[in-house]
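Inspection log for the structure reproduced underneath, given as structure tokens.
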Amino acid sequence: MSPAPIVDARAIHKHFGHLHVLRGVDLQVAEKELVFLIGPSGSGKSTLLRCLNRLEEPSAGSVTVDGIDMLDPRTDINKARQRIGMVFQSFNLYPHMTALGNVALALRKVQGLPRADAEAKAQAALERVHLADRADHYPAQLSGGQQQRVAIARAIALEPRVMLFDEPTSALDPELVGGVLAVMRELREDGMTMVVVSHEMGFARAAADRVVFMADGLIVETGPPGEIFANPQHERTRAFISQIERH
Amino acid sequence: MDVFLETFLNWRIVQEAWPILWQGFQATLLLSALVVPLGLAGGVMIALLSTATTPWVRWPLRVWVDTFRALPPLVLLVFIFAGLPFIGLDVGAWGAVAIGFFLNTGAYYGEILRAGIESVPRGQIEAARSTGLTRGQAMAYIVLPQAVRNVLPDLISNTLEVVKLTSIASVVALPELLFQARQAQSVTYNATPIMAAAVAYFVLLWPVVRLLSRLENRQLAGRR
Amino acid sequence: MTGWERFTDSFFNARVMAEYLPKIVDGFVLTVWLALLIIVAGLALGLLLAVLRAFGLRPLNWLIVFTVDLFRALPPLVIIVLLFFGLPNAGIELSGFVASWLALTLVLMAFAEEIFWAGITSVPKGQWEAARSTGLGFVQTLAFVVLPQALRITIPPLTNRTIAITKGTALASVVAVQDILGAANAGVSFSFNPSPLTLGAIAYLILFFPVVVLGRWIETRFAWRR
């Protein structure tokens, strides 16, 4: 019997008006596991990810992360979110702050660290994404790949138990993707639990423990990357994979 | 509360003062219909002159525009109305308002239209000229329509301000809405006529304010 | 007297100017005070209303929007007259200075709220999400992430609007405030010579010309660079 999962989402439903985007999804993620969510656009994978830290409010179901019931109104959601790092497709760095300021903000304002301590921690986080020398740069002065790595530093500086990646490389020029994936791989090697929505199939093959294929708001198939890519069981999965491979 | 209603929302007083207020309301509309086109005409002139490339036109024009943007309109109006008669130039209340608004609102409209013209890419003029249109034709058919469209919210906003500004004509005893309301107040010893004037302004201008706040939200969001 | 002599004797009469210069200087100081008090109170109240509106409480927001619309639609002079000449009929007496300050403060508040609010809503949703995902609360996100970005893009429209409304301090002369225009008007009626008006106009130009040029500079500086 494996230990209790660190992320435990059950029977998640999400409606947007008349749209039924998630139709009863279960997702468990074990500690130090890297789970890859794939599927056609509109399949609900990003919505599922955003339900895990309650950026989207699930219409029904339960979400527990690191033993905390995320949907309980008594839960201090801001405290809980500190344990769940998130990286966005469009980086969402604060344009009016330097790289260091971006990383240090939550350390100072949520964790209440004194400025010097927060900045030391932020500097260490920037070092982990190999951008220590860009600490004083504003987002507009950084390349897309560098911005995304600062965004990763902003999340890991809070020492989260889980990291969520929402299409982290989709907005990047092809030559900048490698640097971001390298940082993600290092995180993985350091034992970070990760849930990744992405189309980087090569990265999934090399680094994922498990691939989850979603379509139409449901999980269709799940398994180790080798099996999903080489020998998909469902017709939908097969169609999706062969389409992706062709690119 | 009774005192308040009695003093500010007294229906009997409204009825009593109605003929005076109605005259004022009509005068305000007439005044707006006079000064808005006048200011626009001045504005178009300034905007077209500001496309000149020679500094001998541009700099005096800029000083002219900034002078009339810096002078409070009421100061300008009082100067024309009460100052000029000392040298034998008595233009009367309507004349003073017409001149003052031409100078003041012309400067504002001019700035807005200039910004509009500058927002139209140079390639538009070049494309028009390449098809054989003259400079004037290119301005009239290609540049100005796009310029006006680009600064439409600012033009509407300025027009709203101009209509509101007509209330300063009451200072030179031009019998527009505010002046008439003050007259009615002094006859009735009651503030209701002024309140009625305020309500009239609000009813007249509220739809414009609503429209503007929509347009402005969109404009600022588009700037990012 | 030639036409030119008559002109200079009327508008640039040295004796009259010398006599009324101190009064105009007093009026200048008063105008500056009135303007500063309006700017401080109007911008602060406008920002406060915009922040309150960000909380998204329906009935409160309707009230804010109506208040803002009201003071955008009413001519400032009408508000001043209502406060100064109207309220006494109900037994409330405001000085001309207070009536002018209050009226123009409310007007600036309304315009400032509208501009601040447009700035807040122009900050992309992703900024809220990123901040909330790191555990910042609603108020913290508003204060540290959204407002700084919103304020930056509101600077040009806010500057120009503030200048325009501040020029309205001249309206205070209508309710017997001895500001620049008030002092100049008094000077004209005592001396039967319009030179005090010339002095007043010069005083306004000294006060506002640099501000207008500054506003123009800010507009080009901030507008298209991001």
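Order of writing sets the chain letters: A, B and C. Residues in each chain are counted from 1.
Throughout what follows, contacts are C-beta pairs under 8 Å (C-beta built on N, C-alpha and C of every residue); 3 or more make two chains touch, one makes a residue touch a chain.
What you see is a predicted model, and the numbers here were worked out from it, not measured in a lab.
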{"item": "Pair of chains whose C-beta contact count is the highest in the structure", "value": "B-C"}
{"item": "Maximum centroid distance from chain A, chain identifier (CA atoms)", "value": "B"}
{"item": "Length of the line joining the C-alpha centres of chain B and chain C, rounded to whole Å", "value": "17"}
{"item": "Chain A and chain B: spacing of chain centres that average the CA atoms, whole Å", "value": "55"}
{"item": "Chain A and chain C: spacing of chain centres that average the CA atoms, whole Å", "value": "49"}
{"item": "In chain C, residues with contacts to at least two other chains", "value": "124, 226"}
{"item": "Multi-partner residues of chain B (each touching 2 or more other chains)", "value": "none"}
{"item": "Chain A-touching residues of chain C, taken from the complex the two chains share", "value": "124, 126-127, 129-137, 140, 144-145, 148-149, 152, 226"}
{"item": "In the complex with chain C, residue positions of chain A that touch it", "value": "53, 55, 78-82, 84-86, 88, 90, 92-96, 105-106, 109-110, 140, 151, 154-155, 158"}
{"item": "Of chain B, residues touching chain C in the complex", "value": "3-4, 7-8, 66-67, 69-76, 78-79, 82-83, 86-88, 160-161, 164-168, 170-171, 178, 181-182, 185, 189-191, 194-195, 197-198, 201-202, 205-206, 208-210, 212-213, 216-217, 219-221, 223-224"}
{"item": "In the complex, chain C residues that touch chain B", "value": "3, 6-7, 10-11, 68-70, 72-79, 81-82, 85-87, 89-91, 114-115, 117-119, 121-122, 124, 153-154, 157, 164, 167-171, 173-174, 180-181, 184-185, 188, 193-194, 197-198, 200-201, 204-205, 207-209, 211-213, 216, 223, 226"}
